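Note that chain A is present in both complexes that follow, paired respectively with chain B and with chain C.
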Partner chain A sequence: MSFISGRRTGRRGSRRFTRRDLVVLGVLLGLPVLLDLAVVWGPTLASVVLSFTSWDGIGDIEWVGTRNYTDLFTNYPQFWPAARHNLLWLAFLGLVATPFGLLLAVLIDRGVRFSRFYQSTLYMPVVLSLAVVGFIAQLVFSRDQGALNAVLGDTDSPTDWLGDPDLNIWMILLAAAWRHTGYVMILYLAGLKAVDPSLKEAAAIDGASEAQTFFRVVFPTLRPVNVIVGVITVIESLRAFDIVYAVNHGRNGLELLSVLVTDNIIGEASRIGFGSAIAVVLLTVSLGFVVTYLVQELRGEKDR
Partner chain B sequence: MSRRSLLRGAAIGAGAVTLPALLTACGGGPGGDGKTITLGSNASDPVPKKAFADAFTAYADQSDGRKVKVNTVDHNTFQENINRYLQGKPDDVFMWFAGNRMQFFAKKGLLHDISDNWQHYTGFSGALKDQSTGEDGKQYLTPYYYYPWAVFHRKSLFTERGYEVPTTLDEYVALARQMKKDKLDPIAFCDKDGWPAMGTFDYINMRTNGYEFHKSLMAGEEAWTDKRVREVFDTWRRLLPYCQPGANGRTWQEAATSLQKREAGMTVLGLPHPGAQFPKGEQADLDFFPFPAINPEHGQDAVEAPIDGFLLAKKSKNLKNKKTLESAKDLLKWLATGKAEDIYLKSDPNNIAVSEEADTSGYSAIQKKAVELVSGAKQISQFLDRDTRPDFSSTVMIPAIQKFISSPNDVDGLVNGIERQKKTIFASD
Partner chain C sequence: MTTTQATRVRPAPSAPAAARRRIRPGRLGVHAFLMAVSLAFLAPLLLAVYASLRPYDETSEYGYFSLPRHLSLDYYRQAFTDSGMTKYFVNTMIIAIPGVLVTLFLASFVAFALARLRMRGGLVLLMLFTAGNLLPQQVIVTPLYVVFNRIPLPYWMSDSMTMFDSYWAVVLVQIGFQLGFCVFVLANFMRTLPKEILEAAVVDGAGVWTQFWRITLPLCRPALAALGTLQFTWMYNDFLWALVFISDGDKLPVTSALNNLRGQFFTDYNLLAAGSVIVALPTLIVFLLLQRHFIAGLTLGAGKG
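Up next is the complex of A and B:
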């Protein structure tokens, strides 16, 4: 206390940094800031600006106002399915895969038999990149040579798991959830290990049932983990890309916003202005989640 | 298509935007010893890769000290990055396609004019010259080989079951019906990669409405809502029950394999596609017939035969060196000879030479038949995605045709969607 008040009264504040300190600070702070500006903010702003232009990556950049956005919303058949699929992805991971991961974590934490075995098996897909998961999904779901149809023994009219646009998104979601569940499980397991056992004992002494103990006592203490899992789920859903790209380039029922951006910008087409407009939409959606999250976090910080 | 190649693409893209300015600032003028030609290749499959290597070695052997340094990139990646590749640091010579796809880059000033080379070329038809010419009337491409699209089948299966080659759509449908009765998939069908089904669209369109209509439709001059286009989709819908279901989940390799395994009776593809899926011993059993006639007015006039060849990249730094430019043009001159094509085709017999001076005596029966088909054609088209703008074919037509395959009944909605998007895309420029 006295130290702080001493600092406040003293006029040595300006002399606390030597010139060398300032240089070091300037470099250490300045470089990351510059990098951040160049690598994150620069491209972001460039996309926003380019989204109001028509550019094929070679010729002149021409202003077209909001035409890209009108085209996008009214005249690009892939756009709304892509937006829907992104939301579906979020809902599926958030409402199915994540709770399932939590359930598995709780079961394993209670010490079922062979829990180590389950733990490592369920975690295994997490070490694979989603693109690899996509290739595995093809081995399983392919209509003519896939394992699933072979197991079902359905040779007369085999189900086209990946080619049928009403069906394939669900198959891909299953594959994505296969990986996501393991990820969530391991995070919750770590969280559950950190819960003080005396809390559970106290609850048991007070006569709480298993379920009550979990929902009223254990789950609230998992709040930090919940936040992390929530953030991961949102990020995973919005940046979903590799798995559908590996399966069929994100077409025919597997459209996602990220794929449309790539299709328009990276591909031979090079509709950079139009692709940027899709990227800006994706950015806006992501910002929505980020801002909500930040607001809640800051509010939570105040309550604490 | 892996994430890595995609990331590589993204990195190349980012590099192309920022790097050139930096590089010109510190570059040391045109490099190269004038004798080494770098060549960007999209021939990543083993058979063509080896065939090209043979050809370039043969070139180096006969030239005094010139050599070709090949950079091979996976062909899908090559294609997706071609735009940035040509603007960034391209190789001196690169492989690409004839037609609109070439003209697009010529118009953007990314290709070297090789009209002077063309004055010395012999053995190329007028049609080939047209396909190698940009909108400004100058030549940019040195054609090397091409391959026709047709309806492929197994000779032995046809004789075994007594199938007759159909020449009209009705006969085609009747044959398909018979095959279905015989527990075969009549037509092996695939469109997972987005382009194979375009060949069927092109053929039905050219047989129904003729080559001129195909050309102006691809140039954006006709409305997709026109009843002639609807008719194409209606005819296609008539064929769909005989096509393998689930085409959007099947690659062309799988479709060609089902033909090879005698599970399917026929398939509409290009010569190298089934050719590459048939083992050596069974290649002689592969046969084809031209896509059947639909409208007697157009008969079987047009043949779809995409041309691949070589071009010079304008942005290549080495080509600023006169000597290297001379070497590169010399390489093209050599590649334009019939002899050079012979060397290539010896290792890759799934294509046919463009030059009339090429030695066709060593051709397999199917190659000879392919030559006959193409030389008898009244018109030669490239392919949907080579005859129109790349942004239109990849962002509009691929999803549209896949949608048609999975729900063929809403033709009105389909053509209206295509037409609306076509208008915005062709208007921007």
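Up next is the complex of A and C:
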């Protein structure tokens, strides 16, 4: 059923398509492909080209070589904090939220009662928009009336959870993890359901403990899910934008690369070339992961 | 089903009664843990609902975490009348409904062509779409912003006379960007369909369109329902596209308009809470009603191992 065997059979029949078929194919395949190229790949390429120019969006485009990049790395104070925050985001989601989601999935998959209730509740934040999550975070973490300070009984010298630039990124990470955990849990739950029970039985008969069974037998079979979860985690960490933008437009300790891109193009001084350079940094990092993922997919495709 | 599975898996030691007794406290611990986590996950939402029902003076004096003295739906009324949430909802629908329908239609044809017609270069196409969906949005935002500003549209299509600041821009980007995910999921789904049905149709002389529309698509109904639910939520929740491509505040979809609510009433977080609840409600309802579809949509793409 794969494309490899498909090619073989394709060569066999020259009956293939009538003229009407070709028209249908041309229009209905051409339209989405054109759209994908025009909306996704064309702009991506344009971003790369524009990143070597200086342009305000109206006047002439001036070629400046790698100046945007040297400026970015050496002469743009927001860049490194933003990059650090993106990395922190990745580390937090990858090392805290994702394993937590896996743990929840494993617990629920053991067939506890009320599992549907747990599952729905834990998944609920995922359907909220990140902007809404950002606003709800403000209710919880705001300094004077926030719920967290009220719980802590911290009324004399309240902690400014979202205003303190050393602290706020962690609070935002908690809010982001609130959403990410449920997403990861659902993916793992689906993966766990697909694990052949006889594998676990065999391991149990061989005297493996539950932990051993999980790490040596079940977890390795989850590899396709692990790959997807990994990609989602990376992509979400690089794309992160909505929450910080909803809280304080990504300033004062909440800088992210995505915010810097947006600031540079829709801000007062439209610095298209410079904004593109930041976008290309994001692109380079994410492409590494995207390519790895696609190679994996490609292999799976051939096995089928 | 999962319960029997779990009991079957458990090792059967020489003294089964002892084993059964040992499991009880463990089970209880698991429940306590899951219950605690569930409550912690629900708490922020409940807090938002609670805050939205109370006047600002009260919470500013006693904090969000106090007993209520007055409860009213005033903020909800205010959000709909003064802040025009109705208008923003309509904007969202103008973007999301055509967005979802066109995306599903185009993606299912691409997926059909990739998965069911044996075509050269199919894999390359699949990669093109899938990879496109994984790129960070910020990479494509800048050039699109520039281009949309330069594409003129007649007045009847856009009162800004350009692609920029019109629904067309947002809908187009939504469709283009989400195509990748839908193609990926639907192609995976269509591969699981029995190919004999299609072969029989080909023998009977069915053209490409008939094979697609009359034979393959009806079989894809569950996948389409799942994807449609998911896509609707994603397009509804989108924040960035509208923020960048629409400058007229009256045209903003409801999620992005939430930001305006704060601009006008800077300190009134209770109104913002009401706004957040209003914005969150449709997706929550969709989720609770269509949970099965929703989760199926996510895992169709992932749980294909």
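Observations on the structure shown:
The rule we apply is simple: the second predicted complex is superposed on the first by the 257 of 304 C-alpha atoms of A that agree within 3 Å, B and C clash if a C-alpha of one lies under 4 Å from a C-alpha of the other, contacts with A are read in each partner's own complex, and residues count from 1 in each chain.
Everything that follows uses one rule, which is that a contact is a pair of C-beta atoms (placed from the backbone, for glycine too) under 8 Å apart; a residue touches a chain by one contact, two chains touch by 3 or more.
Just so it is clear, the structure is predicted and the values come from calculations on it, not from any experiment.
When the shared chain is aligned, chain B and chain C each come close enough to touch A:57.
Set side by side, chain B and chain C differ in how many residues of chain A they touch, and the one touching more is C. By the touch criterion defined above, A:248 lies against chain B but remains apart from chain C after alignment on the C-alpha atoms of chain A. Using the contact criterion defined above for the overlaid structures, shared-chain residue A:182 touches chain C, although it does not reach chain B. After overlaying the two complexes on the shared chain, residue contacts for A:194 are found with chain C alone; chain B is out of touch. Of the two partner chains, chain C is the only one that A:150 touches; chain B does not reach it.
Look at A:162: by the touch rule set out above, it reaches chain B but stays clear of chain C. Of the two partner chains, chain C is the only one that A:33 touches; chain B does not reach it. By the document's definition of touching, both partners, chain B and chain C, reach A:131. In the superposed model, A:266 lies in contact with both chain B and chain C. The contact surfaces that chain B and chain C form on chain A in the two complexes overlap at residues 57, 129, 131, 142, 144-145, 242, 245-246, 262, 265-266. Every residue of chain C that touches chain A in the complex is listed here, in rising order: 2-11, 27, 30-31, 33-35, 37-38, 41-45, 47-48, 51, 59-60, 63-66, 106-107, 109-110, 113, 117-120, 122-123, 125, 127-147, 149, 172-173, 175-177, 179-180, 183, 191, 195, 207-209, 212, 233, 236-240, 243-244, 255-256, 258-259, 262, 269, 272-273, 275-276, 279-280, 283-284, 286-288, 291, 294-295, 298-299, 301-305. For chain A in complex with chain B, the touching residues are 54, 56-59, 64, 67, 71, 75-78, 129, 131, 142-145, 157-158, 160-165, 168, 242, 245-246, 248-249, 251-253, 262-271. Remark: chain B residues 1-3, 6, 9-10, 13, 79-84, 87, 108, 110, 192-194, 245-250, 254, 258, 390-391, 394-395, 398-400, 402-403, 406-407, 417, 420-421, 424-425, 428-429 touch chain A in the complex. Interface residues of chain A, counted against chain C in their complex, comprise 1, 3, 6-7, 9-10, 17-18, 20-21, 24-25, 28-29, 31-33, 35-36, 38-44, 46-47, 50, 57, 104, 107-115, 117-118, 120-125, 127-132, 135-140, 142, 144-147, 149-151, 178, 182-183, 186-187, 190-191, 193-194, 197, 200-201, 204-205, 207, 221-225, 228-229, 231, 235, 238-239, 241-242, 245-246, 257-258, 261-262, 265-266, 272, 275-276, 278-280, 282-283, 286-287, 289-291, 293-294, 297-298, 301, 304.
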